[in-house]
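Each structure below appears as C-alpha cells.
Okay, so chain A shows up in both of these, paired with chain B first and chain C after.
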Partner chain A sequence: MTSLPTVTGDKRLGLVIDLDTCVGCHACATNCKEWNTSGHSAPLTDVNAYQAEQRGVWFNRVFTYEVGGQGPSARTVHFPKNCLHCEKPDCVTVCPTGASYKRAEDGIVLIDHDKCIGCKLCSWACPYGAREYDEDVGVMKKCTLCIDKIYNKNLPEGDRVPACVATCPSKARHFGDFADPDSKVSQLVRERGGFDLMPETGYRPTSKYLPPRPGNGANGAPKKLEPAPDLAGAGKFLRWVDRVLSR
Partner chain B sequence: MLKDPVIELSPEVADEVKYTTCYMCACRCGIKVHVKDGQIRYIEGNKNHPVNKGVLCGKGSSGIMQHYSPARLRKPLKRVGERGKGEFVEIEWEEALSLATEWLGNIRKTDPKKLAFFTGRDQSQSLTGWWAMQYGTPNFAAHGGFCSVNMAAAGLYTIGGSFWEFGEPDWDRSKYIMIFGVAEDHDSNPIKTGLGKMKGRGAKVVSVNPVRTGYSAVADEWIGIRPGTDGLFVLALIHELLNADKIDLDYLVRYTNAPWLVIQAPGAADNGLFARDANGDPLCFDQTTKTLASAKRADIAPSIVGEVTLADGRKAVPAFQLIAERYMDGRYSPDAVAAQCGIDADQIRRIAAELADVAFNQSITLDVEWTDWAGRKHDKFIGRPVAMHAMRGISAHSNGFHTCRAIHFLQVLLGSVECPGGFRFKPPFPKPIPPAPKPSGKGYAPMKPLGGMPLGFTTGPEDLQLEADGTPVRIDKAYSWEAPVASHGLMHMVITNAWKGDPYPIDTLFMYMANMSWNSTMNTKGVMEMLTDKDASTGEYKIPRIIYSDAYASEMVSYADLVLPDTTYLERWDCISLLDRPICEADGPADAIRQPIVQPDRDVRAFQTVLLDLGARLKLPGMTKEDGSAKFPGGYPDYIANHERSPGIGPLAGWRGENGDQHGRGAANSNQLDAYIEHECFWHHELSPDQKFFKFANKSYLEFAKHMGFIGSTDQIVLQLYSEPLQKFRLAAEGHGDVQPPDNMRERLKATMDPLPIWYEPFEEQMVDKQAYPLHALTQRPMIMYHSWGSQNAWLRQILGRNKLYVSTVKAREIGLADGDWVRVTSHNGSIKVQIKTMEGVNPETVWTWNAIGKRAGSWTLAPDAPEAKKGFLLNHLISELLPPEMDGRRLSNSDPVTGQAAWFDLRVRIEKCEPGAEVSEPQFPDLPRPPGVEPAPTLNDYGARLAQKKR
Partner chain C sequence: MHPAYSVILFTTASGAGYGLLALLAVFGAAGVLPANTWLGFVGIGLGVALVVAGLLSSTFHLGRPERAVRAFTQWRSSWLAREGVAAVVAFAPIAIFGIGWVFLNDTSGPFAWAGAATAVMAFVTVCCTAMIYASLKTIRQWNNALTLPAYLVLGLATGAILLVTISALFGVYRPAFATLAVVLLALGLAIKLAYWRQIDTERPRSTLGTATGLDRFGEVRLLEMPHTEENFIMREMGYSVARKHARRLRIVAALTLFVVPLALLALALWSGPSLAIAMGILATLSAGVGVAVERWLFFAEATHASMIYYGRAA
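Right after this comes the complex of A and B.
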C-alpha cells in the first residue's frame, strides 16, 4: 500500500469545469490526447485503431446526458471527466507497489510507470473512472494535469497551462491553485457554487464543477406585446402616415 | 516513505514551431505546429489569430491523426478494371498529367462545356473558378450548392452579406441571440467562444432547432421546431413586432429600401418594380415638400405608407406598406402558425416581446464620432443588441432562401444589422445588393476563355444562362428557370444530369475533394449505379471519363478513371483569400496562408499546383507566358504571390508592393509568402473605431472598402427588403419580357419569385403522402467530424464510430419501438435498416442521425467489419435528387426553387420495426479494395512513443 505525503506544499493545483458552457465538442479530450501521447506518459495507445472495437487511452472523456424530465423540460448536459486529483485519493493508497503517488508540492496525482504492474487496483478504487489501462504497455495511465507543460520552461509562460484548458473553445475549463483563495479558480468556485463530484464518497476532489446557470428567462420583458393603436384597422396604418422620418 | 520519482518537467517540446492554417473543417483557424525529429509533436491554436484566438476544437486538435492517416494515397492511379471495382495501377505523374492533358485538350478544342469541373470542400475556389474560366467551360461550381447557397444568396440579395463568412453576431456586446438550425457547424470555434462569452455575462441564448444537441443544449431556451417551418415562425415574430409598432422606423428609412415606391399596376410589364426618375434612381415621397424625390437624397423625409400618384398617373406605394400589409395579416399571427411550427403561440408572443424589449429598452450606445455616407457627423453608434445566426437547418430546405430572407427581415426591422450588439458584417462585406459580377458561362466556345467567372449573381431574366432555344447552358441547370439565383451551382445534380444527358451528355467529370459516390450525394445507391452505367449500344460509360483528386482513399476514388493524389493540409501551400471565402472578422479584414510544415513522404502533389501545371500544358491564358512556357513554374505558391486578378489586387492582401509595405492594393511581391510566414501566416487589418459599424452607410468605411477593391463605389449600400430582381423573374413568369420560361414553370415561378419573404411547405412534403411518410428525417453535423474525413482518424472514430437513428421517447412509445431496436426506414426514394436510440431533446415528429458517419466497407483503409460500415449508415440513400413526378411526368430537382440549394432536410420517412435478424445496417455494398501502394492500416497506434523516447 502507498502512503500519501504527510507534509504538503503550498499549492493545490486543479481544474474548474463549467457545465454551463461546455458544448460537448471534445476539444479537451483530443487536445489532451495529442499533447500527452508524446508526453510524460507516452504513448496513449490505441488498440484496433482502424478496426472494429476501437479503443484507446484517454485522460479526458466527454459524456452527454439528458437529465430531469421529458421532452423540452429535460436538459442535455455535456460532462467532461478526468482525474480530479483528490485530497484523499484511494487510487494511491491502494497501490501495492508505490507506483501511484500524490505529489507533495502541488497535489498532482501521478503514476511512476516503472513501478506499475498493471494490477488495476487503482481503477477499482477510483469512483470517477479516471484511470486508464494501457493494454499494450501493461500499465495504468492517467491525467497528469500536463505536468510536462505547466512547468515547462521551454514554453512561453502563458502557454504553461494544461492542454485541455488552453484549447477549450467555450472557455469552460480553468486551471489554477485552489490553495490560494484569491486565485481565479477559487473565486469561480465561490461565485458560481462550484461543487465536488460525489462528495459522499469522501475523496475530496481538488478539481470542481460549476453547475449550469439557472437559465436566462429574459426577466423584465413582458410576456407579449400589446397591439399599437391606429395600426392596420380601418384607418390603415394611420399611426405611420404622418411619421416624419429623416434620411 | 519512498521518495517521489524525479520527473522531467521541462522536456524539449519541439525542434521547430511553425504557423499555418487548420483544415480539419472549413473554419480555418490559425494553428501553431510543433515539430520534433521531423514528426508532428503537437498542434495548438494560435493566440494571435483573428478566427480562433488560441483555441482549437476537437477536430483541429486531432490533426496529427489526419496527417498520418493510413488512408493517404501515395501515387497517381489509373483504372484497369471495371469502374467502381477499385482496380488500379500506379502510374508516374508525367503519364497522369499527359493523359489528363490529352482528354481535356480534346474537349477544349471541340466543345469545352463537355468538361464538368466541380470541386467539393475546396478552399481555393478563386483559383479553381478562374481556371474554369480560362479553360472556357461554364460547368464549374464547388460544394456551395448543396451546403449553404440559400444562406449566401438570401443574405447577399437582402443585406449585402450573410451569416458566417459574411458576418457575425456581436459576441462582445449582444444581449440576446437567436440561432436557427445551427448544428455545431459553421463556423466552429467563433460560435463556441461567442456562446461562452454571452452566457458568461448573462445574455440570453435562444436556439431554434428540431434537435437539442451541442449549442442547443447550452441555450437558455431551446425551441424544438418542426423542420422546415422556421420561416413561418419568424414571420409570426415579424407580425407581432409590426402590430405593436416595435420596429426601428428611423433605421428603415435611413438604411433600407422600405420607403422606395413600388409601382402598383397589375398586368403591366413594370408592375412591382421601383418607380424611378430619369436618372434611374428609385423614388420616394418626401413628407416635407410633398413631392416625389430621389430616394438617394439625404435631405428628405420619406413616407413609409400611403399611396402616391406617379408623374404618369399610375399609383405606387412605399415598399414598407407592402411589408406591413402582408405580415400584419392574421395568417401570420402566432395562433395561426403555432400548430404548423409545433411551437406554442404564447411562446412565439413571448419571444417577440423579449426581442422588442432588448432592442428598444436595452439599447446600447458607443460614444464614437463617425461620418455617414452623406458626410453628416454623428457622435455615437446606437445599438439594438439583438443578434442572429443561422445555418444548415435553414439552408437545407426547399423554402430556405425565403426563410433566410425572413430572418434578415427580422434583424433589419429591429434595426440590429451592423449596429453595436447586433449582427455585424465582416469585410469585404457588405457588398452592393446583389453583388457583381453576373455569371459568364453563356459565351463559351472552343479554345476560348469565358468572358468572366462561371458563377455570379443574376439580376433578372436576361442574366440567366440559357441557350438560344431556352435550354440550360450548364450541366447542373444553374441559372435556368429551375434555379434562377443559383449563385453556387447545383453540384448535387451534376452526375444525374450527365448520366441522363439532360441537358446534354458530357465527356469528362473532373472533381476535387467531393465524395460523390457516398456521403456527398443524394440518392447514393442510384448515383453509384449512374457512375458505372454504360450505353448499351456503344459499351461506353455514360459518363465517359472521371478524373478525381483526393488525398485519401475515399469511396469516390474507386469510381475514378484517373486519380491525382493530393497532399495533406500540413504538406501544402494555400491561401485563404479575400477573393474567395474569407476569414475576416467584423473589426477588420484578414487573410491567411498554409505553408508546408513537413514534406510529403509519398509521390503526391498539391491539387492546386497540378491544376496550374495542367493549365500550362493546355496553354490556358493566364497560366502561360507569351513564349508558351508556364507562367507559374513554381506552382501554387508562385501563383499566390504573383497572380494579379486586377491591377494591384491578388490572392493575398498583405505585404503587397515591391517592398512589401502596401496592404490591400499594390504590385505583386515575390517575397510575400516570407512576409506571411514572419507574421504567423496571417494578415489582419483592424478598422478604426469610426469604421466599425453601419459599414453600409459609413463614409470612412466605404472609402476604405473601395480602396481595398471590396466595392466599386462609395455609394451607400441600401438594404433591400423588397427584392426587385426577384420581381423581375416573376414578371417574366407572368409573360413580360423577351426571356420567357417554359409554360410548365410559370406557376412555380410566380409563386416563389416573390419580392418579399414567403413561407410554403417544403416540396417533398407537399408531394408525398404524409400518412405513408409521417416523420421528418434529417442529419446533424457532429462537432468532432467534418464530412467523411473524420472516420479515418484513429482518435475521432473512438468518439463517434457509428451512428444511430434518434427517435423521440414519446414517438417511439407511440409506435411501439424501444431503445436499441433495429428498424426499416423508408422514403419515397428507398429504404435502409438502422438501429435506433431514443431521446428527449428532439421534435417528436422528427428522427435524425449524425452526418457522414456510415462508411462503405473497405474505404478509408478501415477494416471491412468496422462499425462505420456494419452499424453506421447514411440517410443519403433515402434522399432523392429529384422530386416525385409532376402531373406531366417531369421530375424537377429536389432543390430550392430560387437558388437550387439541395433540399436535404425536406426528407419524409416512415419507420417500422425489423424482424429479428443480423444486426447489420443496410444497404451493404461489396468491400472496396485498398488502392495499390496503400498499406493495410495497423491495429496498434502508439503514436508518440518514439518521440517521447527521444527526449533528452
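Right after this comes the complex of A and C.
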C-alpha cells in the first residue's frame, strides 16, 4: 500500500550525520555497499566494474563542498548523503504498484523488490537522489537503514546499527529513535542545532544533519610566510652551513 | 530529465488518440458525423491504435514489464496507477460506441451516451497522464499550473487535425472541424509560450545552500563529486543534451506544431473543402513532428532538485 501510514508507531528511526567531524573517507559508502550487496536488497549490481563507464547501485554517496568563499572563513565540508526516511515521502505515494512503502512501526521507507516494475517514478519524486535503479535486476533499490542488521538477533546487541554508522572512523554518524526525546540522536539535534535538508520541499526528512562548529578563523597562523632562501647551486658544505646558521 | 523515446511516444500518441476519440464521440453522438461503417472503422480504429501504441510503448521503459499489471493497484495515492485504471476503464465506452458506429451504424440513444462517456474518460485519462508530471514537486518545470492545460489542449488539437484529415478523406468534412483545430492550435501556442516564459523567469526553488543547509556559512560550491563516472541519478535527472539547443528547438516546435498547421488549416477554411484533404495530411505530418519536439523539450528542459547536490542548477 503506497498510501502513507495513518497511525505512527512508537519509533521513528533515522540517522544524525555530523558535518563537523566527517572526514570524507567514504568508509560509510563502502561498508554500506559491502553489507547491502548480500542482504535485504541484494545484489547491489555493478556494471562494467573493472573497465571504463562503470556504474552501479550505491545507497550512500559522499560529496565534498567548499563553503564561505575564499579567505580565513572558508572551509571544506564533506557531505555523505543517503535516504533520509522522510515523514512525507512522495517516493512512496507515487508508486503505482505498492512496492514502495513506509513502515508504520519505525518509519523506515522500503521497497518490496518482488512487486517493483522498475518504472523509476519514485526516483523522480525524491529531491535527495536517494533511490537508484538496478539495471541488471530491473527494479529500484534504496537505503533500508540496514533493516536486516538493526533487528538481527544473531548479532551482538552493540552491532545492531546500520553498516555506515558501525564503520565511521570519526563517529560522524549516529543511529537512533527520533520519537524518543532522550535518545542520543534527539539530544544531538537539540544541542547542536540539527537541521533538515531542503526544508522548502516539505518532505520532512527524519534524518538530520549537524552543522560544522564555528572555526577559529585561522587564528594563530602566521600572517605571511617567508620565502625559502635560494640554495640552488650550493654544495653539501654550504647547505650544512645554512642549516647551522638557520637554527 | 532524460527524454525516453518510449515516454515521448506514449504521451504524444495517447494524447492525440484520446483527442481524436473524444471529438469523434462528441460529433458522432451529436449526429454531425454520419454513422458510416468505414468512417467509424478508420476513425475510431486510428484513435484506439494511437492509444494502444502509446500505452504499450510506455511499458518499454519498465525494468520488469511482465509485472505491469501491478501498476493498476495503487490508484488511491499514485497518478500513474490512476492513469492506468482510467485508460482501461475508457476502453469500455469506446468499445460500445465503436460497435454501435461500425457494426450497427447507430450513434444515437444508448450509443450516444457511450459516446459521451468516451469523451469524459478520454478527458480523465489525459488529465491523469498530465498529473503524473505536474504532481512532482522535485521538478519546477512540471510542477506548475500550465502542465495540465498543455497536455489537454495539445491532445485535443492533434486529435482535431486528425479529425479534419479523416473527415475530408471520407467526404464528411465540415469547416467547423478546421475552425476548431485552428482555435485549439492558437490556444496551445498561447499556453506553450506562457509556459516557456514561466520556466525561464521562475526562480529556482532550492539552491546548493538550502540543499546542504550550509548557506549559513556563505556561498556553497561543489569541490568534489562522490565518484568519477556518471551514476543513475546523473544520467536520469541530469540530461542536458537538448538544453544546449533549447532556443532553436522551441522555435522548431512552435512552427511545426502550431504555426504551420494553423496556416494550412486556415488555407483550407479559406479555399473550401477541395483543399481539406491535402491541407489535413500536411498539417498532420507537421504537427506530428512538432508535438514530438515539444514533448522532447518538456523532458529535456526539466531540471531535477537532486542535481543541485551535483553542482547543477534546478
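Criterion: the second predicted complex is superposed on the first by the 211 of 247 C-alpha atoms of A that agree within 3 Å, B and C clash if a C-alpha of one lies under 4 Å from a C-alpha of the other, contacts with A are read in each partner's own complex, and residues count from 1 in each chain.
One rule holds in what follows: a contact is a pair of C-beta atoms (placed from the backbone, for glycine too) under 8 Å apart; a residue touches a chain by one contact, two chains touch by 3 or more.
Because the structure is a prediction, the values reported are computed rather than measured.
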Which holds for A:Gly202: it touches chain B only (first), chain C only (second), both, or neither? second
With both complexes superposed on chain A, which partner does A:Ser3 reach: first (chain B), second (chain C), both or neither? both
Look at A:Ala29 in the shared chain and tell me whether it touches chain B only, chain C only, both, or neither; answer first, second, both or neither. both
With the two complexes superposed on chain A, say which partner A:Leu121 touches: chain B (first), chain C (second), both, or neither. second
Look at A:Gln54 in the shared chain and tell me whether it touches chain B only, chain C only, both, or neither; answer first, second, both or neither. both
Examine A:Cys95 and indicate which partner it touches, taking first as chain B and second as chain C; both and neither are also allowed. second
Does chain B (first) or chain C (second) touch A:Gln187, or do both, or does neither? neither
For A:Thr76, using the defined touch cut-off, is the partner it touches chain B, chain C, both, or neither? Pick first, second, both or neither. both
Larger contact residue set on chain A - chain B or chain C: B
With both complexes superposed on chain A, which partner does A:Arg103 reach: first (chain B), second (chain C), both or neither? first
Where chain A meets both chain C and chain B, residue numbers: 2-3, 24, 26, 29, 54-56, 58, 64, 66, 69, 75-77, 98, 212
Across the complex, what residues on chain C touch chain A? 1, 61-65, 67-68, 70-74, 76-81, 84, 132, 135-139, 205-206, 208, 210-214, 216-227, 229-233, 235-237, 304-307, 309-310
Interface residues, chain A side, partner chain C - complex: 1-4, 19, 24, 26, 29, 53-58, 61-69, 73, 75-77, 79, 81, 90, 92-99, 115-121, 123-129, 132-135, 137-140, 195-202, 209, 211-212
Seen from chain A, its contact residues with chain B in the complex are 2-3, 5-6, 20-27, 29-31, 33-40, 42-52, 54-56, 58, 64, 66, 69-72, 74-78, 98, 101, 103-104, 110, 112, 114, 136, 147-148, 151-155, 158-159, 163, 166-172, 212-213, 215-218, 220-228, 231-232, 236-237, 239-247
